[in-house]
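Both complexes shown next keep chain A, but they swap its partner, so chain B is in the first and chain C is in the second.
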Partner chain A sequence: MCQASEDYAEPVREDPPPVPRPGREQKCVKCAEGLPVVVIRAGDAFCRDCFKAFYVHKFRAMLGKNRLIFPGEKVLLAWSGGLSSSSMVWQVLEGLSQDSAKRLRFVPGIIYVDEGAACGQSPEDRAKTLAEVKLVLQSTGLPWHVVTLEEVFGLSPSVLRCAAQEPAGTEEAYKAAVDSFLQKQHVLEAEGSSSVAQGSEQLCSPPSQDPPGMAGSPTATQTEALSRLFNSVKTLTAKEELLQTLRTHLILHVARTHGYCKVMTGESCTRLAIKLMTNLALGRGAFLAWDTGFSDERHGDVVLVRPMRDHTLKEVAFYNRLFAVPSVFTPAIDTKAPEKASIHRLMEAFILKLQTQFPSTVSTVYRTSEKLVKAPREGCADGPRCLLCMCVLDIDAVDSATAFGAQTSSHLSQMLPVEAGLPTPSCCGAGEGQAQRCCRAVCGKEDMQAFVQEQLCYGCRVNMKDLSSLDPLPPYILAEAQLRTQRYWYLLFQEYLIQDSDEEEETGQS
Partner chain B sequence: MPAPTCASCGSARAALRRPRSGQALCGSCFCAAFEAEVLHTVLAGRLLPPGAVVAVGASGGKDSTVLAHVLRALAPRLDISLHLVAVDEGISGYRDAALAAVRRQAALWELPLTVVSYADLFGGWTMDAVARSTAGSGRSRSCCTFCGVLRRRALEEGARLVGATHIVTGHNADDMAETVLMNFLRGDAGRLARAGGLGSAGEGGALPRCRPLHLASQKEVVLYAHFRRLHYFSEECVYAPEAFRGHARDLLKLLEAARPSAVLDLVHSAERLALAPAAKPPRPGACSRCGALASRELCQACALLDGLNRGRPLLAIGKGRRGLREEPPACAPPAAAPTPAPAPPPPTTCAQQNDLRSRSVTCAYQTSIGM
Partner chain C sequence: MAAPLCVEVEFGGGAELLFDGVKKQQVTFSGQEGPWDIQNLLVWIKKNLLKKQPELFIQGDSMRPGILVLINDSDWEQLGELDYQLWDQDSILFISTLHGG
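And then the complex of A and B:
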């Protein structure tokens, strides 16, 4: 493959040598003693123990290198039942049970989101899956939460607000935190209560469930509302994106309610490479670093972390098989969908096919993703955030010579009568355009759609176009959209209030 | 069901639906709208200031034909003068026919035409010779790399010959989308950092380049050419099937079927990529041999030619670059290289091969010039 070597800062990679078939005489490449059981990358045959050490080391190194998770922090593990997240949960469990020097020092909980209604599963299937899931969750011994996707209809608009950001932990802060934690441990040990007892205390705490009324089976109306929402979406691409968005909001809500400040998701290297290319095609090029990087702090108080991002899907599959990691199969929204049904499926098929021809495809995309930075557009670091994905908006003025400008101007030329040959009259920037619409119209349905559109980033706008109407959406989204518009108008009016009324307000309040 | 009337003039019968908006328009209103959008791109992006002497990279294919035609129509409004610059890479059976098309266009539109050829500029290295050289090394796919780099150099030379102040090329939105996909798949962070946006401003003495058509979709370019009855050369380059870009192209076709706005979405993503400063190429200097813009000691064109002259064509591609620091050979290119004279292979075989490889007209391939 025409592998580019334009890395100005890094040495050049060469094509991997052809894969030697492991003969009976071949030994593990690492310890040169054991019989190899699995071939990783091209030609690296590992024996069982070395493979396990290699796998675990990658996981621990990813966490240790980034130093984001402070000791004693509560971390929520997002478990979907699939291979990668099951492997992640297993790694965390193993990490917790090691001797004190190497033990993982955070406090985990697990969450499982039941998406059966969105995927069109029957209630019997859902109940069956739920029973299997609960078995696995109970066997982990960690505090677990099972939430159904229908609960998005009960969320409040505060989910969409970016909470105040905690100051990012510096190196010194991390070291200090670790030292103080270790000191506390020594003190406890000296007093006689061993760390084992402390650990078992955690394990014995009753598995916390959401208060009854939330974890109970969802009402039929809610299930119906969810199915109606997903049936009203015209394309599978938009459905998948909507599902992801709702799932993220739900997990955020649970994390905030129970005091978790970090959420770990189990996306593997292969999945992230596919996600990166998919997001490129969806118009989310500005947010690739957040979507595929190790940490995602766009929500402020809750940080999403991806510790499995260095493991390829092949390694995960082999590990799970060799070490019998329990997982539960649940059909997803795109199970059995034809290959060309959505951009996600297309990209997945394309990358996996290319990977067979050029074995370095996934790792190349992964390496490129590491070079992306979380840089907001110049001068817009504190700009308005997207309503759904909570990234800083990446939209230009309507008139500019960019892809966004080209799309919107073609819409304008549809709406207004255009004299042939003349360019459309320039409509001012996004803010003023909003003002024009607000001034002209009453708050009708079409304007609600326009209001919501204004508050979305490019990628979310394109997805919204596939929704026939905004009614089936969960109420918290529309409520937050209205609140933001009201806030915008309030701030605008504040400028124009003359002194007298300010004094009146003050006296009125006092 | 009667055909709808044009949404713009309201009188003529609609002849097409615009791929992006689905709006029904008659032929002349569509062409007018297309030209208006190109004008808007040029004005809003401040691409071609008044009084500019513009060299149009003309390959005879649909994009450069449409570009030349639109710019010619807009020239009085923009106050620019146009020159056609065509590049002869020396691909027998393909480029000769394309050049004939360019000559016809130049005569028809009364635009001055300059032809620069690889054989003259690069010491006898035509693309056929390069392909023979790289084929021996087993990496025949890289001959497209050579063509791209050398063509940009040739275009620059041609533009200087006619005294141009700006270079324009006919890249459309689909080309830009393919480029960003390709660069990610190849891990080319340097190109990702450089690309995106309207074109390069021209640092260090290189002429500023831009792509006025880069927001127009390929389908609309073809439709425009159809309605304005423009004649162009639509065969696929004989080396195209081996290029890596083919994968990106196939992917783009599939993406467009799944979501019609995929092309513009990709262009938007490309505009907004944020790459680490370390991935960006260093500030360009001048090539130590020819003085052109270069990020390293030797510009890529000189480096590639060096490799060819030494009989190690892949010297400047991949890890072979380290060998460049050696002294260049004193001898001229090997005797096998210059073969402009022999007649091209019999037209029937060529056409048949090309027919088998070429796709439908709407995605007819042509080596696009420029960026």
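And then the complex of A and C:
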């Protein structure tokens, strides 16, 4: 520890000050013995040990209550270096080292996404941050993956396809799985310590490298392409949303490649409350339950889980400080941005300011989010999904009742009648000329923007508007958009041909 | 108190970005300038340490919401917040919780 000033020669204060400080006569509300160090909620002061027990209990209860993570499952921990995700990783590490009755039973790995290029960091700063990050990752002893955001330029369109959804485990299935796991553990322990050592070795495998195709640092071309993409986005709001989308796709890809069926993200209670309100403002109201709930199964085979959703940012910050949880600070895309720079910033300032005057703000929003139900729209349970966020599309084809719908419909009437994936015979009944025009449009790749817009949910469409052109987007997005459009037209023509031949038969008979 | 007051001011969680990356500093106040409390400390920091964008750290008379203050590793809410009187060798830590996740 270096000291800025070396003139100091005052004697160290050894005795507690004679004048009692305000609030120090209080005792911990839980054990009524210890000296309180932190105030949780309104006026509940906890001592250090009670606070630790409270914090850890919340984490374990969140996992235990939801019973989504089966024993032995591979879980990828998404670590950004920030306070909440560092705390989450730390909780998992501590949970793994407990005695067997309370030990966490899944198999974790860690992923870190280097977003320096999107945030305009210099290569030297990126290298420095990466070195710090690797130090922390190595100290965890878990298998780790470091990927750079530039790798999105190498993703395949299959990442945007929702894989077959595995049926959620029932309560009985969970209990059965736990019982069988425990039985195996007992057998292993009975056989001797050598087996146990083997088990722990599996957990602490040497750090894995990135997939062979993407190993090493990104090329200058890729970094430039990423910078170009983010510079072409006009607003900070759209940038933040785009960054989140790309990051999710990348993490999904890594999870699928390495066989992880769950991904844990470290969003805290405060962050989720802000996210809920922000998403409402962004037009993602239909998907709040997925965006802010404990589990997010929209991707099918990989489920996103949020175990820190019961912890407020204050609790996280205190815990990290009191118990020395390592974290690495990395500047983000909105660092030092003024309050009105983006919807995210504005909502964050609003909620946090309200919280200072009304301390139940965050918890109220959080409790509301817990009540949200993931019910699909009527008749759209297996409907087409948004190209970017992979939620079931929430827009009616041509809804002239809303201004947005009118704008969309006037554009579409020149090009395409309906959204991709839902063929309706009416448009093709209008005549062969229109069909030919549409076909030419697809083959000639006219107005790709219209095709892509069609395949997005309302929130993603609004974000896409802030992109000056689609060219800087990573190729997998446009490739998948094209594939879906072609598939749609194929189905549409099939329907058209069948209907046409039916009509001919009818007219022939009559 | 006539004796000079020396406190350690620390920034974490990203708050150090506003102070040119300096995480820890020793700050000495001479006793003649009157009793020092957190309120005065904030005014002093705003005047002497914050180079730019003070609204990202201090708003009005108090901290920007989202920045926690720990005095000797204890919550300042418990110690009187802005009215807490500084003692010699106190350690004041400002953690920004607004960054990262």
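The rule we apply is simple: the second predicted complex is superposed on the first by the 414 of 510 C-alpha atoms of A that agree within 3 Å, B and C clash if a C-alpha of one lies under 4 Å from a C-alpha of the other, contacts with A are read in each partner's own complex, and residues count from 1 in each chain.
Here, a contact is a pair of C-beta atoms (placed from the backbone, for glycine too) under 8 Å apart; a residue touches a chain by one contact, two chains touch by 3 or more.
What you see is a predicted model; the values in this text were computed from it and never measured.
Student: Touch test for A:L276: chain B only (first), chain C only (second), both, or neither?
Tutor: first
Student: Please work out whether A:E495 is in contact with chain B alone, chain C alone, both, or neither, and reply first, second, both or neither.
Tutor: neither
Student: Looking at the overlay, does A:L313 come into contact with chain B only (first), chain C only (second), both, or neither?
Tutor: Touch status of A:L313: second partner only.
Student: Quick check for you: in the superposed arrangement, does A:T364 touch first (chain B), second (chain C), both or neither?
Tutor: first
Student: One more residue to check, A:D99. First (chain B), second (chain C), both or neither?
Tutor: neither
Student: For A:E172, is the partner it touches chain B (first), chain C (second), both, or none of the two (neither)?
Tutor: Neither partner.
Student: Classify the contacts of A:E124 with the two partner chains as first (chain B alone), second (chain C alone), both, or neither.
Tutor: A:E124 sits against neither chain B nor chain C.
Student: State whether A:Y458 touches chain B only (first), chain C only (second), both chains, or neither.
Tutor: A:Y458: touches chain B, not chain C.
Student: Going by the contact definition given at the top, which residues of chain A touch chain B in one complex and chain C in the other?
Tutor: In chain A, residues 1-5, 7-8, 12 are touched by chain B and also by chain C.
Student: So in the complex, which bits of chain A are touching chain B?
Tutor: Listed in rising order, the residues of chain A that touch chain B are 1-9, 12, 14, 235, 237, 276-277, 279-286, 288-289, 340-343, 346-347, 350, 354, 361, 364-365, 367-368, 371-375, 377, 394, 399-407, 409-411, 413-414, 418, 420-424, 458-459, 462.
Student: Give the list of chain A residues in touch with chain C in this complex.
Tutor: 1-5, 7-8, 10, 12-13, 17, 21-24, 26, 36-39, 45, 80-85, 265-268, 270-271, 313-314, 316-318, 321-322, 327, 329-332, 335-336, 338-339, 348-349, 352-353, 355-356
Student: Could you list, by residue number, the parts of chain B that touch chain A in their complex?
Tutor: Going by the criterion above, the answer is residues 7-9, 18, 20-21, 23, 28-29, 32-33, 35-37, 39-41, 43-45, 141-142, 145, 173, 180-181, 183-192, 198, 215, 244, 247, 251, 254-255, 257-259, 261-262, 264-276, 278-282, 295, 317-319, 321.
Student: Show which residues of chain C lie in contact with chain A when the two form their complex.
Tutor: Residues of chain C touching chain A: 3-4, 6, 12-14, 16-18, 22, 24-26, 28, 53, 55-56, 65-66, 68, 70, 73-75, 77-80, 83-85, 87-89, 93, 95, 97-101.
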